[in-house]
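First the structure, which I've put down as structure tokens, then a few questions once you've had a look.
Should a chain be cited, it is by its letter among A, B and C, assigned in written order, with residues numbered from 1 in that chain.
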């Protein structure tokens, strides 16, 4: 594989829910280290697109290749591919029966056969990084939303993925907690992580994105650098969206 | 309105009239004990003791009414006054006499040991350490418990014990000889046999049981038993039901 | 919060005491003290027949325990498999599991007991206790299956997605993430089923299995002390279920530790 080759290659994918077309001939490339922010009104298919990248959502036609692996290839092990793809959900989805520390160590210990001591060492380092090391022994229910989401990011990072997928990571948070989560994401971006982020945070998109993708009705309407996207949108639908949101 | 009232009165008087005509005696019977008392293919309660009581009733003027009642609890029902008497192949024992009154004996019974055709057991002593079944609260079951070294197993109905013997879960069954004959010589005649009739020091008789102190019913029953025996009806019934 | 408020309601078995209820004047304590004192006082005041009943039934208690423990263990395994089968996307497995539940739910336990005992008896020679355990667990496995199914379904699907996204396969997800949490939801109804099963084992006395009830009936049929015998039998069952429900309630409390803020 050539270094310049995209690490995620989405080609002409379609997705139907019954007769409703959720994704309409979507193609998108993401290169290593690139940060892509996907915007769009609710129901535009942006979450479906993101979830299709790790096959939490199956597609009806088209192809998705991640790090050289065809997601639907007959000999591919989807679980192996998913280890390369960290995912952060809108509703955090921390394992409720596990402590913060255990949330981080479960997958490395079980899937990578990492020693418990080493896994915990790494987990503490990650918790330090997201600023909640002191909560390591708490259960998720004892944490605020912002803290939970930061743990969720750390949990995904514990598998040392090549790519991080964020599905509206701040939408379920109280406004005063959004900042602490975005801060972690920005740090991650500056460290060179490949990121695909579905969000409504325009400030984040402007600051971090290499590429902004705007979706509507299941299709990609506009794809541009943040500057040209926000300052000189080409399509009428994009302008309408930006007018409503900003 | 008046018409209705008259109608009701007439209906009531006819009902009472028929009730007064002769005494009804309600008997509880566990109709799972062929050929003494059981339910036939027409769902009627029939058998030796049923015919016996009908004949007795005709002789001395009462109508027997039979109420099918599970054996386990049949005595509790008598004590509670749910029926007047029990006609259910009840053997007269000292223990039972403490709890209820008995009529004169109407049938002499012996305890039979039933085993599979292949078994060589001849007495209870041959079955040491083996499971032997009988119906709960019957003299047959008491005999099993009294014999040393057996594993007694009690059943709600003798038919269930016979089936368990048939499939080999137990080694033998002990029960009254007419019943034993019915199962071993008829229903399971290819599989089971009567190995022996158990020797006892006392004669075992069936009697009709009434609540302690119910002299009225007891006297009537005794008169009936006497009349049936005097006329030799009991011998005819034995022939009919047991074939002896 | 919402997924923690889901309660599976199964209206059978004894009421499991509320783990938070610490007061001495609770129904549970009153029942326990009453039962224990009656079990002690009655035989002391009137040894014949109360003490005699007590000395007649211990091996029956053992049989009841044996049948209960064996049946509940087997029923849990069958229940888990059935619950997973009912949630399976594999049509064939799903059909088999659903069929099993339908059949078992439609036939009274007593009829199943008779059927398995006598029908099976003609085909294979199984001892009475084994037949009783097979029948009880076959029946309760179906109830447990429904409990497991409801318990698994009550776990937010986000938990499954999070687990899958980390690279766990479906089986691992079930084992590490869903079932440990489902246990918490499943335990109260399983506890109820456990107690209901213990009580229902009294039905096996019909199969001539010498459990508590049959021992009591044997005693009563010889002595004609029906009132005294069944009083003691009822008290013994009550004492066992009271203790059991307390144990389950404590376990429930321990399992819910991660929900307490």
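Of note:
Please note the rule applied: a contact is a pair of C-beta atoms (placed from the backbone, for glycine too) under 8 Å apart; a residue touches a chain by one contact, two chains touch by 3 or more.
Just so it is clear, the model here is predicted, and its values are computed rather than measured.
Taking the mean of all protein Cα atoms as the centre, the chain whose own Cα mean lies nearest is C.
No other two chains have as many C-beta pairs in contact as A-C.
Using the average of C-alpha coordinates as each chain's centre, A ends up farthest from chain C.
Per-chain CA centroids place chain A at a distance of 82 Å from chain B. The distance from the centre of chain A to the centre of chain C, with each centre set as the mean of the Cα atoms, comes to 45 Å. A straight line joining the Cα centres of chain B and chain C is 39 Å long.
Looking at chain A, no residue sits in touch with two or more other chains.
Taken in their complex, chain C has these residues touching chain A: 156, 158-159, 161-169, 172, 176-177, 180-181, 184, 257-261. Only residues 118, 121-122, 125, 127-128, 206-208, 210, 214, 217-218, 220-224, 226 of chain C touch chain B when the two sit together in their complex. Contact residues of chain B toward chain C in the complex are 72-73, 75-76, 79, 95-96, 98-99, 133, 136-137, 142, 153-156, 160-161, 163-164, 167-169. The touching residues of chain A, counted against chain C in their complex, run 54, 56, 79-80, 82-83, 85-87, 89, 91, 93-98, 106-107, 110-111, 139-142, 152, 155-156, 159.
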